[in-house]
Every structure is written in C-alpha cells, then in structure tokens.
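We call the chains A, B, C and D, going by the order they appear; numbering starts again at 1 in every chain.
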Amino acid sequence: MDVGFIGLGRMGRAIAARILDGGHTLTLYERTPGHCTELVAGGAHAAATIAETCAGREVVITMVSDDVALAEVALAEDGICVSLGAGAIHLAMGTYGVAMTALLAEAHAEAGQRLVGAPVLGRPAAAAEGQLGIIAAGEATAVAACGPLFELIGRRVFAAGFEPESAMAVKLANGFVLACAIEAMSEAFALTARHGVAPELLRDVLTGGLFSAPAYEIYSRIIVDQSYETPGFTARLGLKDMELALEAAARANVPLPSVSVVRDRLLGAIAHGDGECDWAVLAREQARASGLSD
Amino acid sequence: MDVGFIGLGRMGRAIAARILDGGHTLTLYERTPGHCTELVAGGAHAAATIAETCAGREVVITMVSDDVALAEVALAEDGICVSLGAGAIHLAMGTYGVAMTALLAEAHAEAGQRLVGAPVLGRPAAAAEGQLGIIAAGEATAVAACGPLFELIGRRVFAAGFEPESAMAVKLANGFVLACAIEAMSEAFALTARHGVAPELLRDVLTGGLFSAPAYEIYSRIIVDQSYETPGFTARLGLKDMELALEAAARANVPLPSVSVVRDRLLGAIAHGDGECDWAVLAREQARASGLSD
Amino acid sequence: MDVGFIGLGRMGRAIAARILDGGHTLTLYERTPGHCTELVAGGAHAAATIAETCAGREVVITMVSDDVALAEVALAEDGICVSLGAGAIHLAMGTYGVAMTALLAEAHAEAGQRLVGAPVLGRPAAAAEGQLGIIAAGEATAVAACGPLFELIGRRVFAAGFEPESAMAVKLANGFVLACAIEAMSEAFALTARHGVAPELLRDVLTGGLFSAPAYEIYSRIIVDQSYETPGFTARLGLKDMELALEAAARANVPLPSVSVVRDRLLGAIAHGDGECDWAVLAREQARASGLSD
Amino acid sequence: MDVGFIGLGRMGRAIAARILDGGHTLTLYERTPGHCTELVAGGAHAAATIAETCAGREVVITMVSDDVALAEVALAEDGICVSLGAGAIHLAMGTYGVAMTALLAEAHAEAGQRLVGAPVLGRPAAAAEGQLGIIAAGEATAVAACGPLFELIGRRVFAAGFEPESAMAVKLANGFVLACAIEAMSEAFALTARHGVAPELLRDVLTGGLFSAPAYEIYSRIIVDQSYETPGFTARLGLKDMELALEAAARANVPLPSVSVVRDRLLGAIAHGDGECDWAVLAREQARASGLSD
C-alpha cells in the first residue's frame, strides 16, 4: 500500500519500520529534518509538508501526542482533511479524545474521506515485534482495508464498531481499568504497611492468586521497589488519559467515581513534584495521604 | 495432632475433612446435632459444647462467619479463651476484623494461649483439594506448629508477620483489590456501552491484554452474562468485607478512597434489592447510576 | 421532677446546673468523688452508684462520650436498664449511633422503661444560657414528659419522630452537613490560593453572599487564621461523628459519598498528627494534598 | 462612559439597562435584530457587528454563555481583540474558564488592550436592582476605571487580584461551595428519610441553626417541595460550572474530591433525564442512588 505517516516519536517510528519492512511504500512527514534517518535509509520518502505526505496516499497514519496535536495536523489549514484524496483513509493510531475523534470523523466524511480509529495497546518494544493490540473502529470496508497494516504490527485486532470514537472509548477504558488497579494496590500497600506487613509479602499474595496478570506483576514490582524515577508511563501522561476518560464519560453521562479518585491522586502526585515519575507513583501519593511518606 | 474445630459451614467442613483425612484427631463442635454426619462417620468426635471441643486440644480452629460470631465462641462465658489449655493454639481461619483479632490476641495472651490468624484465599472447592492460599500471622513457633495442618489444606502459606491481625489486614487488602477491579470493570463496561461497544469486545481487550488473570476473567464473564443470580460471593458479604477494610484503615489512619467508592455502590445495589446477588452486580448498580438500567 | 444525671463533663454539668436552678431535684452519678462540688453545693445529691442514681427517679439523663460509654452505663450489670423503675424515662442527650440507640430502646422497652433520644445542638456555653437546640424523638408521652426539662436548656425543640434513633440520625446529618461545608471551603481555599487569591477575599465573598451563616463565618475565620490549635471540636471527634453517620447510612443502605470524602481527609489529618486540632484543620489537610502545606 | 455590550440574554439586558439608566452611552451588539427593543427605545445604539460595537469604546462588556461563545466574540476574526482600540478595556462579566480567561488576557495584552474579569454573583433580578456581587480582577487602573459601572449594578465589589482569571477562580469556588452544600443536604435528606424523619423537620434543624443562610434556605425549600421543574439554575448548567472548577483545579494541581462527587451526581441526574431541572435535583439523584426514588 501507499502509506503516509505523521507523528514519528518512539511508537510512531516502531510502527513505521514494521510497515516499511512489510514492503509498503512509506512517506514520512519529517517535521524536524534528519529525525528519521534510519527509516529514510530503509527506503522511506521524507516529505516536508503534511500536504505532500497526504497527496495520493491510500492511507495516512497519525501517531501524535494529543488532541491539540491531532487538530493541528488534521484540521488546520493544509492539514490532512484538506490534503487527503477522496476515499482515502486517515488511520488514527494515537490515543485521542472521544469528542475530538467524533469531530474529526465528521470533517473527514464531509471531505469524502474515511477515518479509522485504531489506538494501540503495548509499548514501542511490542510494536517493533509486531505484538501490539489494536482496537479498531470505523466504516467496515475502511477497517478491512487497513488489515494488511494491522497484521504487520499487531498480535490481535479488536473490532470495536463502526464509529472511530468507539475505539477511543475502549482504549480509554482499558487505561483507566489499569489506573484503578494501580490505585487499589497503592491503597492495599498503605493499609498493610501500617499493619506491619512487608510489601513483598502483599505482592506475593496478589500476584500468586487472583491477580497473576501483567498489570499487577509489573506495577506491584515498581511499587515494592519504589523505582518511580525510570518511568514507563508518567503520572502526567496518566492524568491526561484520565481527563480524556472523564471527558468521554461526561459526553455519555456516565459517572466514573473510581477514575475521579485516581485523577485526584495523580493531581496530588504532580503537586508534590512527581509528575515525571512513573504513574505507579500513585502509591507514593497514597502513602503521603496516609502519613507514611513526605 | 489433636485438633478441635468450631464453625462447620461449607468451608469449615471442607477444611475439617482434609485434616481428618490427614490422620489427625478431630473434635467438632456440632451446634446442631447431626450436622456433620459425614465427618463423624469418618472418625471425628462430635462435642456438645465449646468447652469439650477445646479441653486438651493442641489446636482449635475457628471458621465462623463474622466478628460477632467469633466473639461469641471465643470471648463469651465458656468460650475458647476459658476452655483452651495453656500453650494451646487458637487458629482463626475466618476473615475477621483487625480490631477484633487484636482484642482476641490480647485475651489469649492473658490466658497463656496463642492466637494464629490464618485467613484463607479460595473457595470451598479449593479447600477440598488442598489448594487454598493461607495468610498466616502470629508468634513464629505457633505458626510453625500449624505447619502440618497448612500443608493439608493449602497450596501455599504466606507468612504475614507476628501479629495475628496482620494476616487479617492482608486478607482484607486482597479482597478490596478484587472489589476495586470489579468496580473499575463496571465503570468501563458502562462507559463503552454508552459509546456503542459490545460488552464481549471490552472483555476480550481486557482479558487478552494486561488483565489476563482470574479476577478479570471470572468477573467480566459474570458481568457480560449478567449472571448475578447465582452468586459465588454476595453483594452483602462484599459490603461486610469492605466495612472491615475501612475499619482496619480507620484504625491505621489510612484513607481508602477507592474502597469508599465500592462501598457506596454496594450500598446502592443492596438498596435496589440486589444484596443477595453476586457482588459483580456492582456492574448493574453502575449501569443504574448511568441511566443504563432500571 | 426527680431527675438522675450520668455523664458530667462540660456539657453535662452545664445542663445539670440549668435543671437544678429550675427547681428540680437532682441526683448525680459522681464517678470521681468531688468532681461536681459546685452542683452539690447547689443542692444536688451525689450518688455513688448508677443504681442509686436511677432508683426512684422519673427521668435519668445521660450525656456520655460515645456508644461504648453508653453501653457501659446503660446495658452493663447494675446499669440503667436494671436500675430504673417501670415507666421511668432514660433521656439520652449525647450523640450516639443509630444502631446502639435502637438496641438500647429495645432493652428499655423489655424492662418496661422508655427511652427518649434528645441529642443537642450547641456548645456548653449555649447550654448554660438555655440556648441549645434539642432534637427529640421517642414515644410521644415520654417526649412530652421531658418538656419542662427541655424548656430550661433549649431555645427550641425539634420533634423528630417516635423512634429514639431518628433523633440521632438527624443529629448526625446536621453534623455531616457542617463537615461537608468545611470540606467544601477547604477545597475552595486551596483552589483560589493556587490562583493567587488572598484567603480573606474568598471569605468575604462566601460570607457576604449565599453563605452568611454561622457555619461559614466561624469556620472560614478559623481557616483564614489557621487557628487550629485552640479546638472547639477536634478532628478526632469529627471522625467519630462521620463514622457514626456512615454506620447509620450503612444500616439504611444510603451511600454518602461526600461524607466519605470528609472521612478520608480527617484520617489524613490524624495521620499527619492533627487529630487534636480543630476539625477545620481539614483545610490544612486539603492544602497538603494540593502541595500547598507540609 | 462610552460602553459597548455583547451578550444580551436576561442577565446581560438587566446590566445594560442599569448602565443606560446611569447616563452612559451604550452600543449593543444585537445578533438578532429587534432583540433589544426596550434598550434601544431607551437610547442605546444597536450595532450590526462586533467591530462596530467595539470601535472607539472605552469599555466593552461581554456576558456570553460559555468559553466557546467568548472565544467566538473575542478571539475570532473581526472579534473584540481585533476591533477594540488601544488602551480600551474588555470587561468580561460572564463565568468563564480560568484557562480561556488567561488565554484571552494574553491576547488582549498583545493587542495593547486590557482585560478585566468581573463575574457576578446573583440573578438577573438582583442586577436590575443594582444588587449584584462583583468579583473583579485585572490591572489595578483598569479595574478602577470600571468603578462607575460597578457602582450601578453591584452591591459590593470584591477585589480578587491582578490577573483576570483569579476572579474566575473565585466565582467558580463560590459556585462549587454552593453545589457541595446542596449535595450534603441531599445526602442528609436521604439518610433521615430512611430513618423515618419528615423532610420539613430536617430543614428546620438546618436552617434554624448553623445554616441560616440563603444557600440552605432556598435549596432545602426546593428539595422539600421537590419543585425541580421550575429551575433557577439547571443541572446541566451546574455541570458546566463543576467542569470549569475541575479544569481550574487541574491547571493548579489541586484535587477537589467533593466537586467530583457533585459532578458524578449531576451526570447521573442528566442520565436520568433531569438535565433541565433545577440543580437541586441532586437530591432526587441521591434518593435514586439510595433506592428511595425511581
């Protein structure tokens, strides 16, 4: 396929490399010239503008940081909506808000283009091995057309429906279920610490029983080790995702009390200077609230 | 060993059977005569009073329903504290409050006896197969003395420290981490339902990724199937455990905001007549709060 | 009337003095001899036992600190239930739990006595001036019989129904409405402080507008002055009342999410060593959670 | 003064009339021609464009519904920022978000203009009588220059500092303190109803004691009468203000747990079809959550 790519951070580059290696034609939007040397050396074409990145492509993938960045590359003057051909697909693989995604879907529909929402589950390392989870939603033929690309990067595709924003809702839900697990563990560690229990013991009980899953194994390890300074995902980014979840919930009139609890702890963590720590620092913030940490 | 046993509900009988099969001498306190025919047929002695159940035993196990029942059998006139011999062990295997357990530990110490807190993880079926998790805490030699019994019923013993109530804190923490997982899923199902996503799809995403653990597999299945009417553990019992967790937290000055969220949803579920449903009915209560269910 | 009195702390003594001055016959239970010199000098009889305090009285008033103290004087051996004559009234003027009050009402009914719940609104100084609010509930004739006493101590009687525990529910509700007001102000002060607003200005806006009531005037003053070290009512006592409110709510299957928020902040305050401060220290705990205070 | 006015809803018209009556020159932006007949009859000039409304004015007042409407009239092409003369004042009297207000302040500063944030406390009827509270913030000379206008419409001016957004933070804080009071009352009515207490009795206790303020008198009356269908301020508008408060809090890293509780109840109310009811309908939503209402 003839693919354009916008948003070449760590995750974007990993996905782009898989697509290139899969034999597809790739045109990158290189905002900072020389940023994607490796991909260009591998045969990708570096375009100087979004317009050039989009013109004539079957699919343009975006993997940008947030709603504002998405609006900038897609909705602004000379953005994707203006530049993409009729019938072409905008494959949005970042995690964006439900409202912004719905707005964008409408804009693409008006321009005769198609939006597929396909946020991913997993870290860049998983992308590099083609092991991402992909939550895809949009018009059925458009989602199907992206199949060959999904196969290169994903271990599994979850079909989340026909509205691109549905995929975002699922991604955000998966994210807050994780956040709530971390928060619950944080409360559990604080309670048992106050009762004289060694953290390692609680970790054993949890992960040796009902919670023998990566979410608990990974994050209880970070909490026990207090290794917050080498973040896999920061408190600040976690807060962003909780805000998006709460926005999606407000749009749908769904109260999410557990997510509000997480949001408040993340705000506290950031207020205490831990915004760039791993979001498992929720446990330190919970310890603070319990008088167990400064 | 010469073992007494008080509290022969489903879990109690399963544990007692393992101990009897393991070759130990067993004296049961049969409150309702004829209740434990099978165990008696297997060689257990049925005592008519707690005093008779305790006198001369090395260990007396209790598996009763709550703090009040425990106080009744242990602290009341002619109870365990009065009847057990010096140096003997009261092995408390139910889930009791931290405050009650500490009180009882003190009473036993004054009477020259020893209390071991050893609440279990798992259902009666797991007990019957010797596959319980056992969280044990108490004086080291007393915990060690119970080792032969633990081996018969448990897959693993988690050593939670030297105060019997520490074991209760860990058990309660494990319980509320589960409750918070169910609540988080409930919120996730409500949010995605409002965005048109099929529940089965969300279940796949969760259990196919970071949450591939029994807690999520079992409870998301109940939620998707709405099979609340065949409870494994009821909302009312769940509420009891959350209250015990909050009590343990108050004693230790630890705020547990996520647990308060669960507590409120359980109260709502009970107010709506769902108290005897499986506590995964949290999802129905969350749906109600979101205008998705009557 | 011939009145007995048990529980002579500051509030109890103020009420007892009004009753004595009103011309009634007063028998005190003086746990510590010599504790009530002034009242005895004024004509009260000091009894050495609860039995003596109760025998032959028309009404026995209790003003003790909590549920446990109430159980001790009323339900224990030689307590009020045993000692009070048939048809006589136990007038419970402290703030007690709904469950304990209902239990006590039943015990009195069985003994042929009557319980009136009549917790008071106001501080000892208001009692000394006969300016308390009185929330009274119980059998109508029993409440009416207490009228002459209420007139001496109260500015107003609120008739809360026929079950003594209803009066407790109203008292607890009034208490948590106040706590929620303090918590809301605490959040408001934290938010505006972060936006550079002087606390005094926010106080002016609140009390100069919709909130021109003692609750806001008194507590915003304490918060602005940070005068937490001279408590009118401590954080620890506030927590006790929130726990009673939550217990009453659990009994009635009513979720009280705002009260849980207050409870968590009070636990945090106590964990940080502020348990004996005025409960307006909620504002300092909120400031801590916002990174505004150590 | 030579005053422009944009946003002539009920509140806007009431304020504009006071200014006109005070002898000032008034130019209205009449989006729908004929909307402001009365004001025009009184001597106001109706302009057809924002540009015409602004050109040459000393002060332009805005009283529009929300952030988006403000952005539209102030930041868009031919908006206030483009049309207002150097040194002139934009007096923003609506309730806007802190972030939007800060953004706008910057835009005005770049254009050599001055922004004064001056949200008001009170209903249109209070405006018509010159009895609003005015929370004013901005550059000191700019705030002072608005003095003659404030005198015509306000009972009192609260000086909230030098950044226009500080005035918004105070307005939002005042708003959520009110919301929390309504929520606390809602919880209190639910709890006491379950204990058999008449709502009118609880109202008497509250407003006859610590809470003898308009906030409690007005809203407890609505709750007791269940007169939600004639809204003074709707649940939907209440939600908007809670969202703005939470946004202001997120910007400042301040957790506001009580506001999250209110937000969740408002979402539930809207989900149950009560969005256009008076926001005291929080009490009905709380009753629903307690199984007391359908």
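Here is the rule we use: a contact is a pair of C-beta atoms (placed from the backbone, for glycine too) under 8 Å apart; a residue touches a chain by one contact, two chains touch by 3 or more.
As the structure is a prediction and not an experimental result, all values here were calculated from the model.
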Taking each chain's C-alpha mean as its centre, the one farthest from chain B: D
Which of B-D and C-D has more C-beta contact pairs: C-D
Chain B and chain D: spacing of chain centres that average the CA atoms, whole Å: 52
Approximate Å spacing (C-alpha centroids) for the pair chain C, chain D: 38
Interface hub residues of chain C, defined as touching at least two other chains: 249, 253-257, 261, 264-265, 267-268, 271, 289-291
Chain-level touch network, classified as line, ring, star, complete or other: complete
Parts of chain B lying in touch with chain C, wherever the complex brings them together: 239, 243, 249-250, 253-257, 260-261, 263-265, 267-268, 270-271
Residues of chain A defined as touching chain B within the complex: 98, 121, 133, 135, 156, 158-163, 165-166, 169-170, 172-174, 176-178, 180-181, 183-185, 187-188, 190-192, 194-198, 201-202, 204-206, 208-216, 245, 248-249, 252-259, 261, 264-265, 289-291
Footprint of chain B on chain D - complex, ascending: 257, 264, 267-268, 271-273, 288-292, 294
